[in-house]
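Next come two complexes built around subunit A: one with subunit B, the other with subunit C.
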Partner chain A sequence: MVLSPAERSYIYNSLTSQNVARTDSRKPSQFRPLKASCSFLPNSNGSSRIYTVDGLECITSVKAKVIRTKKLNELINVDVEIQGQRDDSPLGQNIATMLTKSLIDRFDLKSLKLTDKYYFQLYIDIVVLSIPSDFHFSSYTLYSLLSLTSMGVYLALKSTKLPLLTSTTNDREIEEEPSFADDWELATPLIPKNSTYSPTLLFVVGIVGQNVILDPSIEEEQVLENGLCVGFNDGKIVPPVQSVLLSTSDGKGFYQITMFKALDIVKEVGKEVVKALDIISEQDVDTFDSIF
Partner chain B sequence: MSVINISLPTTTKNDLNQTLDEDEDINMLEDTEQGPTDANSSNSANKRTTANSVVVVPGELITEDPTWMRGHGTYYLNDKTYSSVAGTILKVNKLLSVIPFKGRYSPETGDHIIGRVVDCGNKRWRLQIGAEHDAVLMLGSVNLPGGVLRRKNESDELQMRFFLKEGDLLNAEVQTVFNDGAASLHTRSLKYGKLRNGNLCVVPSSLIVRAKNHSHDLPGGVSVILGVNGFCWVYKTNYGQLGSSSQNGAGGNLGALEAGIKSATSGGGYKPGAASVSITRLEQESSWDIYSDKNDEISPALKETISRYKNCLLALSHCNIGIDETRLVAAYEISLGYGDVNSLVSDEVKEAIGEQLITAEKMRG
Partner chain C sequence: MNVIDRRRNLGPADAQPLVFAAPTKQQTQSKNNKTSKEEPTSKKVFIETGTIKTSNGSAYLEHDKTIIMCSIYGPRPNFTRSFNDQATMKIGVSFANFIPVENLSIKSTNSINNVNNNGEAGATTSAESQSLEVSRNELEQLIQQFCFTNYQNLILLQNYPKSSLEIMIQVVSLNSQHSFIQLLSDILNCVNVALVDSGLQCKSMASCGYFKSSQSKEQSSKGDVELLVNMASDQNEILGVYCDLNDYDEQFKKGFEQCVENAKEFKTELAAYFLGCIAGSNQ
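Moving on to the complex of A and B:
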């Protein structure tokens, strides 16, 4: 979808005006409605599915593997596959790297520790389905997927369960391979309910003129001058805070004050987003039971 | 109003029953609109059922009688005819076809549609109109600066991109439909042409009710073009029609011209005198202005109204209700009751608007 010059200037002028008027009548800090559910993949430790009304869909699965390692920053692997894109496409790889870094930075690695030598390694696989068909000849870059995928990862990690370790946790003197209870009912959540830790969420903020908007739609993305990816964890702004290219046309720099505006808006909505996601992750709905 | 609204995608039993009920309502509404076609089908030999329309799903057996001719939306296996789409059965004499509820837009001659230029080629533009094939707009079927009756020469061909370029939105009429379903368009009237001063909203084409007139002036200083292909353009009403307005030069006059034609088509029907005046004036007045990309000044309040109408269109499409002018205005009036315009984003409000609209129509009968 290439916008016509008249549409472009209409949207641009609406977004840069004193009181931001988004074309879909959202407030600058309002998300589009999302649908999400958890733990629907039977053969992975944790999973989530999240999609927007305009059809972008993201499925995330978390699988755990036992490895013997000392390199703790290799314990989390994120892989992003975008439908219709090559595996080595810069979009997918960049999203994967940013997600990995943001997770590793703050991850509660103790929860992955089995014994002194063995750890759980998490493989987080993300599939993005049904990207718009005109993506290849449009000026938007879909880096706004960062926000959606990170919500997907958040939900998947929250729903992840790991098998219960039955062997001893101390193998410093005696070599022993870890063994697990074969009853899946005994599995423990990766992030216990009472834990204060939560995975880092990434927000994509669009910058246009002096204004900032959250969750830019594809239409809006094409007139944005710049974008900012902001991490949020535990009520605070955390790394990465990084500029992302949301549109390949009309890029511009931004002032320091605009960046602070972006950080403020994330701080403002972050808690509510976390709350909304937590409510979803606590609802363990069996899809089949609820319909039939 | 919360900043984020995440819900579970699963439908519960109650929801499912509710949506089924709603669907029935809507089908009933659509039946009344499809009066003439239904009358045809009930006149023809309708052995299977006495109801006006039968809803079938893909793979459903329609008839075992091999004498029926199989039309669109059906397939044939072991002397039996099955439906290949979800839709209603249409029987014309011995031809049996299924009209799908949803699907791509299929152009028909005379349709008023909106398209986006995707390609600029040999004496023609290709337009994306949401159909199976892109539509063709020949250089010969547009109005060029300097009057309608001018022949197109090579210099026009060379500057085609100055008239219309990739990404441009315009409204046009389907002139002919080729055998493969591709459409050829024309913009040989002042009501067609490039679109400005507004915002596009795309809804399923099956929801747009075909009518005599597809461009309407709505309350709130907003106009809408409900393209038959589901592309709707919501824009600022052009008040140049009042004549005395002192707009700058040709633009104002052109606005008056367009408005004159609009009022002739929407109001008292076709008046020969008015049209002939407009054609002679067109030669004098039509300049590069009709291909302008510049928007007029639009106030924030008007932008809010435009986005409200856009959300009303989306609400109607969310509830699967056929869209026409009266319903859009009704939805707009209902939506005013929900206060702030950003509340219209949520699905619950959209559904509530749809429900209120249906009950209001039932009350009126």
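Moving on to the complex of A and C:
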């Protein structure tokens, strides 16, 4: 919805006031309600579907392939497709690059190793649906999708299962192509339950005046002065920590103290978000297995 | 600047603009980013303005074998059908074809050593396997988007309705030792200088500071902090940040403050350079 000057001014004043009043009466560190489910794509190793109350929907699929390589940066490929946007649109490409970097930085690459020469290569495909029809006429940029897509990737990776390796893991002397068990029941999770590793989550924090707000809605995005993308992994703030443009009008700079406030809020909320997503991934009901 | 003022602030189209001082070509070498007096943390920076005559503002920046050129065109009339209440900004970034961008891979803290799960020595580690290789196009788009984030908040676009601005950035040469963030800080500084040269209405003069906790590749470790901060105005307003950090801790906070100091120092150098230009033209 394109806001009128009066509406913009009203929302801006509410957000910059000492007691932040958000359009949907959320607290500054509160997310919008999300609904998510895992493992719903039968032909993928792992998948997730996550959608927000305003209709934005993100479908993520993880597929694995065996390759012979030594370049670890080839092991994870992220592709983002946004409805109504060209494949080479800067929005999709930048989100894909930021997600790839955040994943590769911290990924537990041991879990992808098959033998000394062979690795699993992961293809993470993300489709974002239900983009608002007024996107091209409004001032918001939809970089807030970073947060939604990273949660989708988190859930999809948590639900990913890989076939069980039956051949030897040592092929230094005699090269051997890996072979796998036919029984899908024996498949092992990419991230075991007892693993300490979890994929990096990206949070988008909106900055308006001296205040910071987490997970800005589309109406709020239009009056935001600046934005930050912050990575969170294992209870710590991790890269990327960088400015992102959330609105193309009335932008302003921000102060050092506001940036530290944004990092504090992510550190505070991050653990709870991880906990909530973990509960969803554990509740995973394999709909297709239950049918047959 | 264009003589035609689309808002008629300056009168009719054939009005002559007021010329206070014609900027003369003056070259300067500024030393920035000094953390300690004994050891300068970065090499000297060479800046020249007005290198491209056909543009409305241009700058040339050379920093330790990295060469960047920036030209700014506009405000020009925007002939799209829709009405623009503020200028539309386009940013183009291009790397010279002969630059191997593989060297500019974005740093990744993960490495093949982590994969050697049986603890045997002799895991082959190649340099490229430790970083994320991004294509030329992706790299250009990343830089373009980051610049857009910065300058959208700096240039007073609402003062140029129905107009368009174009900022063209060319990376002519690249020091293979420079990281992505270091290159980004040089690019931002080059655009900052070109913006002043163009005379476009901005909130303030901006300057970008860069900080890295360890100075050489050999010393670099997982706990390193590398960041840039693009600052505007004397009120310490931040336009954009890009950080590589291990955690949000005291080391990061110190690094951030140091980076802000570097930006301020660079701004002082730039201000001295531009004042020198004006003084030179008056003599």
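Note that the second predicted complex is superposed on the first by the 285 of 292 C-alpha atoms of A that agree within 3 Å, B and C clash if a C-alpha of one lies under 4 Å from a C-alpha of the other, contacts with A are read in each partner's own complex, and residues count from 1 in each chain.
Here is the rule we use: a contact is a pair of C-beta atoms (placed from the backbone, for glycine too) under 8 Å apart; a residue touches a chain by one contact, two chains touch by 3 or more.
If you're wondering where the values come from, they're calculated on a predicted model, not measured in any experiment.
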Room on subunit A for both subunit B and subunit C (clash or fit): fit
Contacts of A:S4 with subunit B and subunit C, given as first, second, both or neither: first
Partner chain(s) touched by A:I104 [first = subunit B, second = subunit C, both, neither]: second
Once both complexes are placed on the shared chain, angle at subunit A toward subunit B and subunit C, C-alpha, multiple of 10 degrees: 100
Subunit B versus subunit C as contact partner of A:V241, first or second or both or neither: second
Touching partner for A:S179 - first (subunit B), second (subunit C), both, neither: neither
Partner chain(s) touched by A:T166 [first = subunit B, second = subunit C, both, neither]: neither
First, second, both or neither for A:E225, with subunit B first and subunit C second: second
Which of subunit B and subunit C A:K35 touches, first, second, both or neither: first
Contacts of A:M259 with subunit B and subunit C, given as first, second, both or neither: second
Which superposed partner A:Q210 touches (first subunit B, second subunit C, both, neither): neither
Closest approach of subunit C to subunit B (Cα atoms, Å): 10
Overlapping contact positions on subunit A, where the subunit C interface meets the subunit B interface: none
Subunit C to subunit A touching residues, read off their complex: 86, 105-106, 108-112, 114-115, 117, 124, 126, 128-134, 137-138, 141-142, 144-146, 148-150, 152-154, 203, 227, 231-233, 236-248, 253, 256-257, 260
Partner subunit B, residues of subunit A touching it in the complex: 1-7, 9-11, 13-14, 17-19, 21-27, 29-37, 49-51, 53, 214, 268-269, 272-273, 276-277, 279-280, 283, 285, 287, 290-291
Residue ranges of subunit B in contact with subunit A within the complex: 1-13, 16, 116, 166-169, 194-200, 293-295, 298, 300, 303-304, 307-308, 310-311, 341-342, 344-347
In the complex with subunit C, residue positions of subunit A that touch it: 70-73, 88, 90, 93-94, 97, 100-101, 104-110, 113, 225-226, 228, 236-245, 248-249, 251-256, 259-260, 263-264, 267
